[in-house]
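Letters A, B, C and D name the chains as they come in the text, with residue numbers starting at 1 for each one.
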Amino acid sequence: MMITAKLLLHCPDKPGILADVTDFITVNKGNIVYLDQYVDRVENIFFMRIEWELECFLIPREKIEDYFRTLYAQKYEMDFQLYFSDVKPRMAIFVSKMSHCLFDMLARYTAGEWNVEIPLIVSNHPDLQHVAERFGIPFHLFPITKETKEEQERKELELLKKHRITFIVLARYMQVLSERIIDAYPDKIINIHHSFLPAFVGARPYHAAFERGVKIIGATSHYVTTELDAGPIIEQDVVRITHKDAIEDLINKGKDLEKIVLSRAVQKHIERKILAYKNKTVIFS
Amino acid sequence: MMITAKLLLHCPDKPGILADVTDFITVNKGNIVYLDQYVDRVENIFFMRIEWELECFLIPREKIEDYFRTLYAQKYEMDFQLYFSDVKPRMAIFVSKMSHCLFDMLARYTAGEWNVEIPLIVSNHPDLQHVAERFGIPFHLFPITKETKEEQERKELELLKKHRITFIVLARYMQVLSERIIDAYPDKIINIHHSFLPAFVGARPYHAAFERGVKIIGATSHYVTTELDAGPIIEQDVVRITHKDAIEDLINKGKDLEKIVLSRAVQKHIERKILAYKNKTVIFS
Amino acid sequence: MMITAKLLLHCPDKPGILADVTDFITVNKGNIVYLDQYVDRVENIFFMRIEWELECFLIPREKIEDYFRTLYAQKYEMDFQLYFSDVKPRMAIFVSKMSHCLFDMLARYTAGEWNVEIPLIVSNHPDLQHVAERFGIPFHLFPITKETKEEQERKELELLKKHRITFIVLARYMQVLSERIIDAYPDKIINIHHSFLPAFVGARPYHAAFERGVKIIGATSHYVTTELDAGPIIEQDVVRITHKDAIEDLINKGKDLEKIVLSRAVQKHIERKILAYKNKTVIFS
Amino acid sequence: MMITAKLLLHCPDKPGILADVTDFITVNKGNIVYLDQYVDRVENIFFMRIEWELECFLIPREKIEDYFRTLYAQKYEMDFQLYFSDVKPRMAIFVSKMSHCLFDMLARYTAGEWNVEIPLIVSNHPDLQHVAERFGIPFHLFPITKETKEEQERKELELLKKHRITFIVLARYMQVLSERIIDAYPDKIINIHHSFLPAFVGARPYHAAFERGVKIIGATSHYVTTELDAGPIIEQDVVRITHKDAIEDLINKGKDLEKIVLSRAVQKHIERKILAYKNKTVIFS
């Protein structure tokens, strides 16, 4: 596999951006292997993801960001992110007591499906330590009470920084994160909520779904913001139920949804295919 | 096709109900062609739908209801409904300006897919008169303002009674019915709401879905109760969208959902396969 | 609505195509309102769809095709198609006896959902004449026997040419078209097959699906080629069934699938969003 | 949890079966906690699954089978199976090189979701030994060549018998089982095929799907019979793809389908909710 650079950007739409950016790469002998762009015609915003091979690229990789900023980002008032395919994102998983999402992600990781490092698992309960051990991932227990929450989260943040964690996945972590952590990882914390948001925000969504008598249940993965279950949605899916399904059936059917919907979101994040913007996401192809 | 009787019932669950009811039919030489039952183990309620051919049935059809009430309904404290396959339900369609659900239902009706009569269409706007005329269904215009609503609904009710309407379908009827009509047709008014309830209750759900940035939109058919969009859900379905879909795309994709979800509900109602109970529905197979 | 030009093209992938084509439009003061491109990295083919407003475009619309061919198509060995938004495609519908797809398309047409003309309906049976009449579309009956097929199809072709038909939709037309018609409309005849192709090719797919005991049935819309049910697939969808569904249930559930899957394909075709290539389709967003 | 008996049966449909069977249980003081029945009106076959608590049941559990056979099975020419909820089925998993289905099942097993024993894993390749070890399940390697197949399968059968294996799951086991094993486990070997059967039978279905240009891919779990990929289908599901998906994308998207579709089938089998009949399955609710 060739090493590639991945560039995600958005800016006010104007004629010439696409030509300018592709020119920048081809003139400097980069071989474009991916390009997807999208214009929000309501907000008049241009979004783009482009990926090219670095092998023959004339600009040294450590200078690409600087050149691009100087030559194009200023001109077009761009926000942009630059990634390299040989630099793996570093992911921390937060869990509590339910294992299905954790197992699903660690299985993918172990099978080599994801281009990611998982240096650690954080939990507020000891229940899933055995899962971490099966896969040889360090497990850090931070029990949390009302009194200890601030102190524990401070320690968690230190641990995350020490391990240079770049994004966090809440795999049915049953504890609301405080702003301190959320602000440290903007659009970098992925949560799975076990309902079809915005229906059934908050606790016990399957019970609420059962009460309401819905015929379909869902799961939603989203970036965490300070407003509960209200951050930019990455992925959703649903499964059909009937009047015969008891709450336990909803919970069981929901587990499969949750793990698939969460893993799809994590995969897109790892592949650098998500651009969060104005509480929504652009998901590149 | 043989003429059949269809019996729907529910009652507190006890041993022997199923055997008693099937006995009642077979002993009297009825040939059972359908049976589905379900026990809600939380509420301890027994639900049943059974259908049998009347040809050799020893009890005259006009006396079945009386016999069944006397022999079983009292004993088991049953609520039950009895229908005959040669008595078609009589359906009124209420519309406003959007034609997709109306066209879909009239196409099925005209093709003979539904065992129903549609004696009339009611509207608060003249826009869809041409659709009614294409299919030869009388179209009754009742323009509604705040001032005229009570009087107009009174006239609508008279019209419905005169035509012996047994159930009403709101096919994107953009007017809230008042209690007078709702109370006259309990669990007999089917509405289509253009969202995945309980998400996006009320007006302009596609705009709200667009604002929230969901990745899937839905439609919900339900029986109308006095609380807006909160009645027993009959059927739901969803379709995937992306960030590329503008509000108009949501509206267009939603139309297909709406008409299919509404028609499925109407078909189940016509077939006498729905039992509404405690703000939920049991949908027999 | 502004008048736009829509350009679809494909060619061997090379650096600079995208920049060249977008330059061609922006330099000549065309306002790009849509752009989607895709590179098949296996075959090394570049595909593109671009749409721009003509109002300020410096090249007169009747000369665009010529200029584009001279300046770019030759250079890049492009195949391209150019359409204008104010020139409606002209669609003929072929039917036999089943009305659901026909009703669905005519309802959309009548509601103004589709930017298309439907000058005529062709049928080999008289059954659906009443549908054509309800919507005021001329109905042409061409009964077909083994002996008359060649002559009838010759007449059909004449009729199609006389009415400048640009594409044909087979809405459950139960007669195999001969090569003469297929060759006259390459990638311009859309069929709906009532199975999940390539499963259950040919006649009576619901019966075959029932026999096989599948748990999901499907429908497939595709362009017609001379090999039966083997042309480029445009759209597919499925619906879940159970052991309780008899063949008639499959047929009924399938009808909803068929009409939605067919209409989605027709809509994409009308919007000029399909590019057929090597027995596959590229469906632009 | 109370211990229950689960009875599955089918026989020619006659009046009185349902009443007789429910009577048998209630008269003997069994508390029915589940009942589902279905009549195939084409073949005139009655299918039933009934479950009752044993606590107060008057017939000793070791005599139930004998009593039921004598009193009812002979009278109605029934085929029936009787299970007890405290007797776990014993499952062997056969794998080759791909880990996703294996991980998914072992995660469920470890989390206690399934009422099953997994005494062993069989493989024809050593690749997944590490997975077995992570979960502490004995891993038995049986490399297979054309020459050794008969001998190795004989040993496998011995191993299965020694461990009293009641059913086998082929979790992407890339080796066709010979009749000897299939005959030893009729309707007791569950396979996952990575296509929407009957489309793309045999090897490399994703490659075939890519070639055909389908817009949806699927997975199918079925009981293994001696005809390849032709046994009774238990469960199927699909996922949407586009022209942008390369073969590797199909394979990756397919993995999620495969593991979910396989696990659903295994779960239904463990719960004794499947009745195979005439190359189809009845799946009780």
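Throughout what follows, a contact is a pair of C-beta atoms (placed from the backbone, for glycine too) under 8 Å apart; a residue touches a chain by one contact, two chains touch by 3 or more.
Quick caveat: nothing in here was measured; it's all calculated off a predicted structure.
Q: Quick check for the class: compute each chain's Cα centroid; which one is farthest from the centroid of subunit A?
A: Between subunit A and every other chain, the largest centroid distance is to B.
Q: When subunit B meets its copy subunit C, do both sides use mostly the same residue numbers (more than half shared) or mostly different ones?
A: Comparing the two copies, subunit B and subunit C contact each other through largely the same residue numbers, since over half are shared.
Q: Need the CA-centroid distance for the pair subunit B / subunit D, whole Å please.
A: So the centroids are 38 Å from each other.
Q: Subunit B: which residues touch two or more other chains?
A: 41, 242, 244
Q: In the complex of these two chains, what residues of subunit C are touching subunit B?
A: 99-100, 103-104, 107-108, 110-111, 113, 131, 134-135, 242, 244, 252, 255-256, 260, 263, 285
Q: Mind pulling up the subunit B residues that touch subunit D in the complex?
A: 15-16, 18-19, 22-23, 26, 32-33, 35, 37, 39, 41, 240
Q: Give the list of subunit D residues in touch with subunit C in this complex.
A: Touch list, subunit D to subunit C: 38, 40-42, 196-200, 212-216, 218, 232-238, 242-244, 246, 279-283.
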